[in-house]
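Shared chain: chain A. Partners: chain B in the first complex, chain C in the second.
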Partner chain A sequence: MREFEYYKVKNLKEAINLSKKFGKNKRFLAGGTDLIVRLKDNLIKEENIIDIKNIEELKGIKEVEDEIHIGSLVTFSEIIESDILKKYSPLIVEASKKVGSPQIRNKGTIGGNICNASPAGDSIPPLFCEDAKFFLESTNGSRIVNIEDFFKGPGKTILKEDEILVKIILKKWKENEFGFFNKLGQRNALTIAIASSCIKIKKSDGKIEDIKISLGSVSPTVIRAKKVENILRGLKEYKKDEIIKICDEVKEEIDPITDVRGSREYRIEVSKYLVFEALNNLLNIRG
Partner chain B sequence: MKKIKIDFILNGVKITDEVPANITLSEYLRDYLKLTGTKEGCSKGECGACTVIIDDKIFDSCLILIPEVDGKDITTIEGISKDDLTPLQNSLIEEGAFQCGFCASGMVMSLTNLLSKNEKPSLEEIRESISGNLCRCTGYKKIIDAVIKLTKAII
Partner chain C sequence: MSKVIKEEKIIKEFNTVGKNVEKYDGLPLVTGQPLFTDDIFLPNMLYAKIMTSPYPHAEIVEIDESEALKIPGVRIVLSYKNTPRIAHTTAGQGYPEPSPYDHFMFDKKVRFIGDRVCAVGGDSIEIVEEAISKIKVTYKELPYVLDPEEAMKGEVIIHDEDDISGVYDKNRNIISHVEIPIGDVENELKESFYKIEEEIYFTQPVQHTPIETHISITYFDEYGNLIVRSSTQVPFHIRRILSKILEFPMKKIRVIKPRIGGGFGVKQELLIEDICSLMTIRTKRPVRMELTRKEEFISSRLRHPSKIWIRLGADRDGKLNAIDMRVLLNNGAYGTHGPTVLFNSGSKTLPLYNKVKAVRFIGDAVYTNLPVSGAFRGYGATNGYFALESAMDDLANLMGIDPIELRKINHISEGETSPIFEKLGEGKEGITQYIESSALSKCIEIGKKEIEWEKWRGKRVRNGNLVRGVGMAIMMQGSGIPLVDMAGARAKLNDDGTLHLFIGATDIGTGSDTILAQILSEEVGIPYEDIKVYSSDSDFTPFDTGAYASSTTYVTGGAVKKVGNEIKRKIISYASKLMNENPENLIIKERSVVNIITGEKISLREIGERSFYDFEQEQIEASASFISPKSPPPFAAHFVLIDLDLETGKIIPIKYVAVNDIGVIIHPNLAKGQAIGSIVQGLGFALTEELIYSKRGVMLNPSFLDYKLLTSVDIPEINVKFIETYDPTGPFGAKSVAEININGPAPAIRNAVLDAVGIKLNSLPMTPEKVFKAILNSGIKI
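Our next item is the complex of A and B:
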C-alpha cells in the first residue's frame, strides 16, 4: 500500500481544523471499506488520512421528537440491530441487510456509504424515500442539506474541502406508511447492485395518498422517479396491466450505463420490474 | 512516513509496537508476527479468508489498517483453542468439511463467533454467518452439516 500520514482525531473540531489545514490533500477514514480498497488499488492521491472513528459526536442513533438522528459513523450492523430504526424507519434497515457481508457490515458506515456517493450505495435509495436531511459541519459552521441537493455525480457531492457529514436526519414513520426495498445482484451476499428500487407509500382508505420511488445503479446518482410517482398518486384501483404500463415510464427518468454487471438495455428493462415488484408487495394488485 | 504506536490485546497477550500506518492487520499478523494461520485471499474484503474476531465481532483483517487496532481485543485462529481443538473444529474434521483448507481459518472464526452468541443457530443463521466467507472447493454443505451436527449434540 502506498505511504501516507495517519492522524487520529478525538473530536469534531479537531477533525475539521485538521482538514482545513490539509485542504484537498486529505481523506477522512470512517470504516475504511471503500477507502482502504482504494488505497490498495493506488487510487488515492491524498497524502493525509484523518481517522474519525473515535469522534463521539458522530456516533449513535437517537430519537429527537418526531425525528431520528443517525450519526455518520453508525455501521450497517448497528442499523440492523436498532430497535428505533426497526420501528420508525424500516427501509434503511432492510437495505442495510443487503450490504456486502457480516464482516463488511460490522465495519462499513452509513456516512461512508453516503460520502462515497456511488449510485450503487445501498443506503441511499431508502434515504431518498425518507427525504433525508444531512447535517454538515465545517470551519465555517454547520448547515443542513436536503438529500436531493447533495449528490452531484458518481463519487461527487457538494461537501466542501473541510466539511464533514455529522448525521443523517429522518422523519419517523406514521402508522399508514409502508415500504419495500429490492436489490438485484448477481447473488445474495457480497454483491454490488445491478439495479435497486425503493418505494415508500402512504395509504388512506386503500388510496395512494403519497408515494416516493427511488432507483439505484441506473443513473449517475440515485434518483427519484417523480413522473411515475405523479401518475400513481391518488390511484385506488390496481390492475396488473395498467400498473406495469405505468412502471414502464421509469425508462424516461433513468440513464443507466453498460458495465460488467449489466447492460444499459437490461437495466432499463429490469428497472420497470423492480418497481412493479415493489408495488406488488405494497398494493393489492389484481390479475 | 511517521511510525504509529499501537497497543492492543492479541489472543489474550498484550502487544505494544511501533509500525508504519500503511500496513493492514493481516499483513502485520502474517509478516511481522509470523502468525500465518490467518490467510489472505483477495485482500479486498470479498473472501473472508482473513477473518478475525475483534471485540466480539468478525472483521476482514485485510481491510483494517494497523493503527485502527489500537486499544482492541483481537482473536485469531491461533487464539481460539489453547490445547485441544474446539468441539467446532473437531466436528468440521469429522464431517470432512474442507478440501484444500484455505478458507478454513476464516470459516472457523465466523462460526466460532456465531456459536459464542447463539448456541443453537437455525440453518438460516448458520448460512448467514458464513455469507462473507468464500469456499472454492466444497459447496458449503459439509461445513454447514458439521455445525448442525455439533449444535444438535449440544441440546
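Our next item is the complex of A and C:
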C-alpha cells in the first residue's frame, strides 16, 4: 500500500473546503469497503484521503412530507432496519439485504455505493426505479440531480472535483405500488451481481398503470429498460409466453461485458428471465 | 460405555473410544492462546518474500539486485546465483519419493507465472517489497504451453535440465505414464449388450484455501540448531528434504509444527521452509515468511485439473463387463505428487466395482506452464469419482434402471478383493487386499430412505421455474499407504500416575491429538484427562510420515494402541512385584492396578512415585511403531436433493445425506466434522470454485472475492450418518474419515441434474452459466 495523507473532517464545510484545496488529488472515505480494497491493491493514485464518517449532515433517514431523505453515510444495515424505508420504500431495503455480508453491510454506505458508480452496485437499480434525486454540495453551493443524469460509465459520475453527495431523495410509495429486486450471483452471499433486475409497478384495476424496470451489471451503468416498460404499460392480460417474448426485448437495451463472473452471452440471455421472474412475482401470470 | 453392534450382537464395548471427549486443544484455541506459527515474535526478525515470474516460460538472462541491496534494511537476496543447485521434489512423501526430482531452490529458468525468481530478506515487509520492485531481471521469453494434450506433442519442452530425474518422458512433458490392462477390455466391450461408448469428463483447478496461508519462522537456538517453526503437514519430510537441499546436517535441524489453520494437502509440501532456513543460516537472524492470499492461490499448490475418458460395458442384467478409464492430469510446471495422484485416480475408484470382467486404466500426468498441482484431500480419487460415478448413472440411464440397482449389482463387498489393489499402488505396483469390513450396502439403503429417493426419483417435480432432482454416488478411499506409512509412538508414566504421549503425528486441525489420546486411554485403561500429548516435533517425538492419505487414525492410532499395550504390560509387571501377585490377575482400572481376585489395589500415582524414588527404580515407559500391509477402505453413499432454476441455470442443493462406514468411530463429533467439512469443500468443487487463467497463463481470480467458496447461506442441510463396522486391522476397529466424503458431491449433484432435466453436465464446476447454456441447447421449455 502506498503512503497517503489522512484527514478526518467534522463537518460538510470542512470537507468541501479541503476537497477544493486538493482538487483531483483526493478521495472521500465513507465506509471504506470499496476504497480500502483499492488502496491495498495500489489502484488509488490520489494522495489525500478525506474521512467523512463523522459528518452529521450526511447521516440519518428522515421523512420530509411525501419524501424520504437518506443521508449518504447511511449504511446498508441501517437501511435494512429502517421502519420508514420498510414502509415507504421497500425496494431499497430488499436490495440492501443482498449486499455482501453482515460485515460489509455494517460498514458500507449507500453514498459509497452510488459514488463508486459500479454497474453492479446493488442499491442503484432500486434507486432508478424510484426516480431518485441526489442532493450534491460543493464550494459553489448545492444542486439536485436526477439519477438518470448522474452516472457516466463504470466508476464515472458527474460529481465535480469538490462536490460531495449529501443525501438521496425518494418519493414515498403509494398504496397500489409494488416492487421486486432480483440478483443473480455465483453464490448467495458475498457476491457481485452477474446481473440484477428491479421492477416497480403501479397497478390499477388489474392493469399495469405504470412500470419501471432497471437492470444492473449488464451495461456500463445501471440502466432502465424503457422499451420493455413501454410495451408492458397498460397491459391487462398476463400470459407467460407473451410476457417472455416482451422480456426478450430487453436484449436491445443492454450491452454487457464478459468478465470472470460471466460471459456477455449469458448476461444477455439471463437478463430476460430475471425481468420475467420479477414480473412473475408481481403479476398473476398464467400458463 | 459405547458399543459396536454387528448383526444385532454387541461385538465391542469401550470406555473412551466412541465418546465426544473434550478436544485436546479446544480450550486454548477458542480462548485465543498463541498457538499458531505466527504467534511468536522474535527480536531482529527478518521478513522474506519471493519475487515471482511474470512470464509463463522464460530463461533468466540476468538478475541485477544491486539497487535493491542499496536500500537500508535489505539484508539478503537469494537466487540461482548464490544457492545450491540440488534437484529435489517439493512433495513431502515417504523416501524415496515417487515424485520426480525436477525442482531446484532457484533455477535459471521460470516455468509459470508465479514461479520463483529470487527471494529477499529485510527488516520489514515494506522494505522487502520495495527491494523487489528495484530488482532488475532480464528474461528471454520462451514458447509456452498450457494445455496438456498440446504439451504431450513435445513442441515446447518444460524440463530440459540434465540433472533432474524420475520423469517418464521429458521430451513429451510426461511426468508419469501408466497402462494397466486386466482382462480384454476391447473384447468385453464388444460383447456387451449395453455400452457407454465414450464419455469425457473435465475437472477444474481448485485451491485448498486454508484459513492460515503457508507460514514459517526459522531461527538458531543457543546451540546453533536451526529451528524451523512451520505450518506443515509433514515435519519429518521437511527435515529430511531441508537437510539435503541446504547441505546442512539433519542433526542440527529441528522442525516444530505448532497448531495449524488447515492444510487439506497443500501443506504436504516444502514451499517456503528452504528459503527461510537458508536466510537464517546466512544471516544468523530469525526469518519469517508468510504467503499472501494471492501468493497462496498462485504459487502454492492446486488440485490437478483433469480430463477423464470412460467407457463402460454391461450385460442385459446390468453386470459390468468392462471399465475403460483414461486419465490426463495437468500437473503444471512441476511434477510434485504427479505419479501418485495419477495412480490414485484409478486405484481408489476402480476396485469399487470389482466384479467387472475386464478393467483398463491408462493415465498420464503432464507438465504445462501453469501453476502447480499437488496433494489435495481426495488425491486423484475425487477426479476419478466424478467421472466414474457420472458414467455409472449414464449407464443406468441407458438401461432404464434405477442407478442404485446398478450399483448394488456391481459394488465390492466384505470378503472380496479387486485385482486393482495389486496392480495400482503409489506410483508403482500395489498390494493385494481383501475387504475385511464394509457396510456399503447398508449405507446405500439408509441414505435412500433418508433422501426419500422413491418420492423424487424420475418425477421431475416442477414448481414454477424450479425442477427437482435427486442423485447419488458411492465411493471408497483408503486408510494410509500400505507398507509405506509408518508411525512411532512413545509413552511414559509420571509420578502422579498420568501418562505422557509422544507422537510425530501432525494434528492440522483434524483432532488427531485428541483421538490418539483416546486410543491410549482405552488401551491402558486410564482416564483421557490423565494423558498429556506432545506431537510433531522432529527432535522430541518419534517419526511419523505425517498428516496425509487418511492415515493418522489408522497408522498412528495403530502405533499408539501398541504403545498402550506395552506400557500397560510394564506397569502391571512393576505392580506385580510390589503386590507380590501374578500379573495375569492384575488389571488397570480407576487409576489403579487392581487384583481381580482379592480386590486389593495400588494407585498409579503410587506406582509412578515408587518407580522414581524407592522400589526397583526405573522410568516406566514404552515405544512402538506401526506399519500395515493393509489400507482398509472406508465406504460412503451420498445422496442429494436439488432444485434446478431453469431461468438462470442455478443449482440449489436442498438436502444432502452422507452415510459413512468408517469403521469404529473414535470421536463422533470430530468424525462428523471431517465429513461435513469434506462435503462442503466438495460442494464448492461441484458448483462454484474454479481458478481461471488468461491465454498467457495469468491467474485471473486469485482472491476470495472472485474465487467463489461457498458461504454458510449456500450450504444445504447436511445429514451425516455413520454405520459402524469393526475393521480387525485398525485400532479398536477404526478405519478413516478425512478424505472420502469429498468425492461425493460432484457426481451426486451431476446425477441429480440428470434426473431433473436429463442433461449431462460433464465439466466442473456446474456454474449457472454452464447449466443455463446446456438447458438452452437441450431445448427444454423454460
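As a convention for this text, the second predicted complex is superposed on the first by the 287 of 287 C-alpha atoms of A that agree within 3 Å, B and C clash if a C-alpha of one lies under 4 Å from a C-alpha of the other, contacts with A are read in each partner's own complex, and residues count from 1 in each chain.
Definition applied: contacts are C-beta pairs under 8 Å (C-beta built on N, C-alpha and C of every residue); 3 or more make two chains touch, one makes a residue touch a chain.
Please read all numbers here as calculations on a predicted model, not as lab measurements.
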First, second, both or neither for A:Asp83, with chain B first and chain C second: neither
Touching partner for A:Glu65 - first (chain B), second (chain C), both, neither: neither
Chain B versus chain C as contact partner of A:Asn188, first or second or both or neither: both
Partner chain in contact with A:Lys107 - chain B first, chain C second, else both or neither: first
Chain B versus chain C as contact partner of A:Asp205, first or second or both or neither: neither
Chain B versus chain C as contact partner of A:Glu175, first or second or both or neither: neither
Contacts of A:Gly32 with chain B and chain C, given as first, second, both or neither: first
Partner chain(s) touched by A:Gly262 [first = chain B, second = chain C, both, neither]: second
Touching both chain C and chain B, counted on chain A across the two superposed complexes: 101, 188-190
Chain A residues touching chain B - in the complex, by the definition given at the top: 1-6, 8, 29, 32-33, 36-37, 39-40, 49, 51, 53, 77, 100-104, 106-107, 188-190
In the complex with chain A, residue positions of chain C that touch it: 464-465, 647-650, 688, 692, 700-701, 705-706, 708, 710-714, 767-769, 772-773, 776, 782
In the complex, chain B residues that touch chain A: 1-2, 4, 20-24, 43-46, 48, 51, 57-60, 63-65, 67-68, 70, 110, 128-129, 131-133
For the chain A and chain C complex, residues of the former touching the latter: 101, 184, 186-192, 194, 244, 260-263, 266, 269-270, 273-274, 276-277, 280
